[in-house]
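Two complexes follow with chain A in common, the first pairing it with chain B and the second with chain C.
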Partner chain A sequence: MKVTVCIGSSCHLKGSREVVESLQRLVGESGLDEKVELGGAFCMGNCQNGVSVKIGDEIFSVTPETVEKFFEENVKSRV
Partner chain B sequence: MNDLCLDVGYRSLIKYGEQLCGDMVEVTKSEKGEFILVLADGLGSGVKANILSTLTSKILSTMIAEHISVEDCVNTMAATLPVCSKRGVAYSTFTIIKITDNEEAEIIQYDNPMVIMLRDGKLYDYPKTAKIIENKTIYETRIKLKCDDVFIAMSDGAIYAGVEQVLNCGWQRENIAAFIEAAYNDSQTAAVITSLLLEQCNLLYAEKPGDDTTIATVKLRRRKPLSLMMGPPRDPNDLSKMHTAFFSSTGRKIICGGTTASLAAEYLKKPLEAELTYFDPEIPPTSKIEGIDLVTEGVITMSKVLEYAKDYIDKNERYDEWSRKKDGASQIARMLFSDATDISFYIGRAVNPAHQNPDLPITFNIKMNIVEQLADCLKKMGKNINVSYF
Partner chain C sequence: MVKKFDTQVQYLKYKVLREVARHAFADDLLTSYNDIAKIIVKGDKPTMRCCIYKERSIVNERIRMASGGGKKNPNVIEVLDIACDECPVSGYVVSDLCRGCIAHRCEDACAKGAITFDETQKAHIDKSKCVECGMCAKACPYSAIMNHKRPCENACKIHAISMAESKAAQIDNDKCIACGACVYQCPFGAIMDKSYIIDVINMIKQSDSNRAFKLYAVVAPSIASQFRHVKVGQVISALKLLGFYTVVEAALGADMVAMSEAKELAEKGFLTSSCCPAFVDYIKKFFPDMQDKISHNLSPMATIAKYIKETDPECKIVFIGPCTAKKAEIKLETVKPYVDSVLTFEELQALIDARDINMSELEVDVLDNASYFGRIFARSGGLADAVAQALKEQNITDFELKPISCDGIEQCKIALMRASKNVLPNNFIEGMACINGCIGGAGCLTHGPKDKNEVDEYGREAYEKTITDAIKFITENKKH
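After this line comes the complex of A and B, so read on.
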C-alpha cells in the first residue's frame, strides 16, 4: 500500500515534515515497513486543507496533531 | 573574446577603531573587453587614507582605461595627491591588474605586497621588470593567461596580520602564498578565496585589525550557462512556448515549484519522483525528473537561496552552510553562486490559488520580489543574468 504525503509549499508550511516523520515512526513501530510504502508528492490541488495525504485515490487532510489518529483509522485498517 | 570570463571578489577589514577604510578597490570593465582592477592603500588610516586611496584608484583606473602610459599615470598621481602635513609626502601604494580580452594580463605594482598568482592550482612565479618613475620603483608584468589562473592582490595589512600578537614578523607573503596554495581547489570562486584569506587575517589580528586589510581576487574561468524555471505561465496557452525556451537552452537546468515540475514532467513524458528526506527541516525535500539537474519546491526554497545570496555578497558568513549541505536551497546556491556564470531565469506569472490563502505567508508579490532581488544579487556577483517572464 502506498501512502503519499504532499510536500508542496503550502503543505510544507502546514507541517508536512512533522507528518512525514510521524508516519515514518508509526510505520516502523507497528512493523509495517514491508506493507506500507511512504512517498512524497508535489501539490495535490488541495492546499486549503493541507497537509494532504493520499491513499489510493482518496485524499485526506492530516495535521501534525491528527496524524496518529489518521494512522490508526486509515492506514492500519487498510493493511 | 573566448568562452572564458573573469570572476572577481574583494573585501576589506577596517583598522580597529576606525570607521573608514584606507584601502580602496576600483573595478572597471569596458565594452572593448578590458578589465581593470586597482587596489590602492592610502598613507595612514581613517579619513586621510580613505581620500588618498579613493583618488589614487579613481585616477589610475580612468587613465589606464584610456591607455595612458604608466609614467604619465604616476606623474599625475604625484602631482594630484594632497601632501600629508605630518609626513610631508603624498603617498598611496597601488596594484593594477589589467586584463585584455581574457587573454593577456598586465600587472603594475607599486609598494603593495606582490600579487600572488596561482596557475593550475600551484603558485606561479611570474616575470617582473622594475622601472623607476619619480623615484618610485614600479614592477611591471605582462603574461598570457590560461583558464583557472588566479591573481590575488592585497594591501600590507594582510602581511602585518598577527605582528606582535601571535606572529613575530606577521603573516609574510610566502606564508600567505603557501596557505592559499594548500587551501585552493578549482571550485572556489574569487569571493571564496578572498574570504578564506581575509578570515585568516582577522583571526591572526584577534579580530582587532592593526591596519586596513584588503584582499582582491581575480579568477579566469570557463563560462557555464544555467537555466532556472519557476512558476507556470499566466496564460496557460504560453506553456509550450515557455517549455520550448527553457528546454532548448544549453547548460544545467533547475526547476523550482511543484506545479512547475509536474508540468515539466508531463512535457518530457518522464515520471516526477518526490523524495522524503529532509536535510534541512525548513526546506522541503527535492525531487527528480530524468534529464533535469535539480527539481525543488518553489517559494520557500528560493527565499532561503535569496538569504544566502544576500549574505554571500556582504559578509559571506554562511558559506559554510550552503557550500556543504544537501537541501534544495543549498544545492541551488552552489549551482548559482559557485558554478554558473551566465544564468537565465524563466519565470511564470500565474497566480497560485492555493497561495492566496491569508493564513499563508506566500503571495504572488513575494514570489516576484524574490526573483528580482535574487537577480540583483547575482549581478553583483558578476554573473550575466537574463530574466524572461511568461
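After this line comes the complex of A and C, so read on.
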C-alpha cells in the first residue's frame, strides 16, 4: 500500500516533515515496513487543508497532532 | 518607484519578449511580426539608431531570438550582426586630455618603448610595439590614456569574442561558456541569449490547466534579490496564475547536493564544484586535465528536477533563474531527461506582464522547501558554507575542509591554474562564473549591492534550519 505525503511548500510549513517522521516511526513499530510504502509529492492541490496525505485516490488532512489517530484509523485498517 | 531593470537595453529586450509572449498566447505570432516592430519602435523619428527602418529590422532580430533564435547555431548566445555598433577596437590610445607635460611618466611606465612625443610634448603610442598592458594609462596623472576596447570583449574573460571581417562582434562557440556576461554588458543589446519563452507557453497550453500533465516551476534562490516591487510569495501566486501546477525551490536540490558533495569531497580529497554550468564548461574547455576533479553531482536544478520526476514521471519542469548558461546545461544528455525548459527572471517578468498579471494585487503564497544552506547557494561563498555544514551534519571529522570561493571567471582561472600545478593550498574550489555568484547572473532583472543581504535574509526565513531536516524525507524515501 502506498501512502503519499505532500512535501510542497504549504504542507511543509504545516509540518509535513513531522508527519513523515511520525509515520515512519509508526510503520516501523507496527512491523509494517514490508507492506506500507511511504512516498512524497510536491502539492496535491489541497493546500488549504494540509498536511495532505494520499492513500489510493483519497486525500486526508493530517497534522503532526492527529497523525497517530490517522495511522490507526486509515493506514492500519487498510493493510 | 522601484526600478524593474538595470538598463534600457534590458527594458527593450523585455518589451520584445512581452509582445512575443502575448502573441504566442494568442496564437498569432507569425502574422504579427511587423506589428510588434511598430509597437516597440513608435512614430517616425528614430531614438536608438540611424532610422526607424533599421530600428525595426533590429526588433525583428530580437523577435527571432525571443522565438528560440537560429536553429543552426548551437550556442544559446548569439550576436545580432545588424545590431552591433561595431565599436572601435583601437586599444590603448592617448586622448586630447594629454597636456604635453614634462614628467613623461607614461614613457617610464612603458616597458616596450612604445611611447613617443611630438613637438608639443604630447604622447603617442606606437601600436607596432604596444602590448596593451595598460601601464601607461595607470601612470598618467591626467587619466589621458584610455583603453578603447569593446565592452563585449572586455566582459568576456575567456576571450571568446573577437571582431569578424564584417567588423561586427563574433563569438567563438568552441570557447564560449554561455555565462551571458557579454549579453548584459553590450550597450547596444547586440548580443542576446536565445529565449525558450514560446516553448514554455506551449507547455502551459498543452498541460490543459495541469490536466494533461502537471507543469512544475523550479525557482532559483536568487529570486530573493529580484522582483523588488513585490513579495516572493506574490511571484509564486503569479506563476500559479500563469498555469504552473506548483513551485519548488531549486535550493532543496542544493541541500541534496551539499550532502553528497561533502561525502564525495571527503572521499576524494579534492573537488571543484558542479553547480555553475558555465564554470563546469570552463573547466572542460580550458582545463581538460582537471575534468576528473569536477564533482559528480548534478547541479541543484537537475538534482531537484530528477527527484520531482521520480514522484511524478509524466510532469514537465521549467527552471526559472538568473542564468543563461542553464539554457545550455539542459541540452546535456545527463540533464535533458529532467528539465524541459529554462526561463530567466527577465523572461518571467515578460511572461507575467504578457498576461497582464498585476503581482502587487495578488495574495502572498508560500515557497518553502529548502534550508538556509540550500538558499545561500545563490551568492558567492554559500556553497562552501553549505558543504562545511554538510560535513558537520554527517559527522565527517577526519577531513579538513579548506575551501576557496571564486566568483567571476578571472578568479576561477587563478585557482584552477594553481590547482593544476599543485600549488593551491585549498581542497575545494567553489566556482561561479558570475561576479558575486548567481545573484550577479546575466538573466537577473536588477543587480545591486544589497542582493547578498537579501539572499541571506531569505535563507534565515527558511522553516528548516539544518540540511538534514530539509532533505530528511527525500533520503528516507530513497532507502525504501
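Note that in this section the second predicted complex is superposed on the first by the 79 of 79 C-alpha atoms of A that agree within 3 Å, B and C clash if a C-alpha of one lies under 4 Å from a C-alpha of the other, contacts with A are read in each partner's own complex, and residues count from 1 in each chain.
As a convention for this text, a contact is a pair of C-beta atoms (placed from the backbone, for glycine too) under 8 Å apart; a residue touches a chain by one contact, two chains touch by 3 or more.
In this text, all values refer to a predicted model and were calculated from it rather than measured experimentally.
Participant: Go through the superposed model and pick first if A:22 touches only chain B, second if only chain C, both, or neither.
Facilitator: A:22: touches no partner chain.
Participant: Of the partners chain B and chain C, which touch A:5 in the superposed model: first, second, both, neither?
Facilitator: In the superposition, A:5 touches chain B and chain C alike.
Participant: In the superposed arrangement, which partner chain does A:48 touch: chain B (first), chain C (second), both, or neither?
Facilitator: Only chain B is touched by A:48; chain C is not.
Participant: Go through the superposed model and pick first if A:37 touches only chain B, second if only chain C, both, or neither.
Facilitator: So A:37 only meets chain C here.
Participant: Both chain B and chain C touch chain A; at which residues?
Facilitator: In the superposed arrangement, which is not itself an observed complex, chain A uses residues 5, 7-10, 12-13, 16-17, 20-21, 24, 38-43, 45 for both chain B and chain C.
Participant: Residues of chain A touching chain C in their complex?
Facilitator: The touching residues are 5, 7-10, 12-13, 16-17, 20-21, 24, 37-43, 45.
Participant: Of all residues in chain A, which touch chain B in the complex?
Facilitator: Against chain B, chain A makes touches at 5, 7-10, 12-13, 16-17, 20-21, 24, 38-43, 45, 47-48.
Participant: Enumerate the contact residues on chain C facing chain A in the complex.
Facilitator: 216, 236, 245-249, 308, 311-312, 365-369, 463-464, 469, 472-474, 476-477, 480
Participant: Any idea which chain B residues touch chain A in the complex?
Facilitator: 257-259, 261-262, 272, 274-276, 278, 281, 284-285, 287, 297-300, 353-355, 357, 360-362
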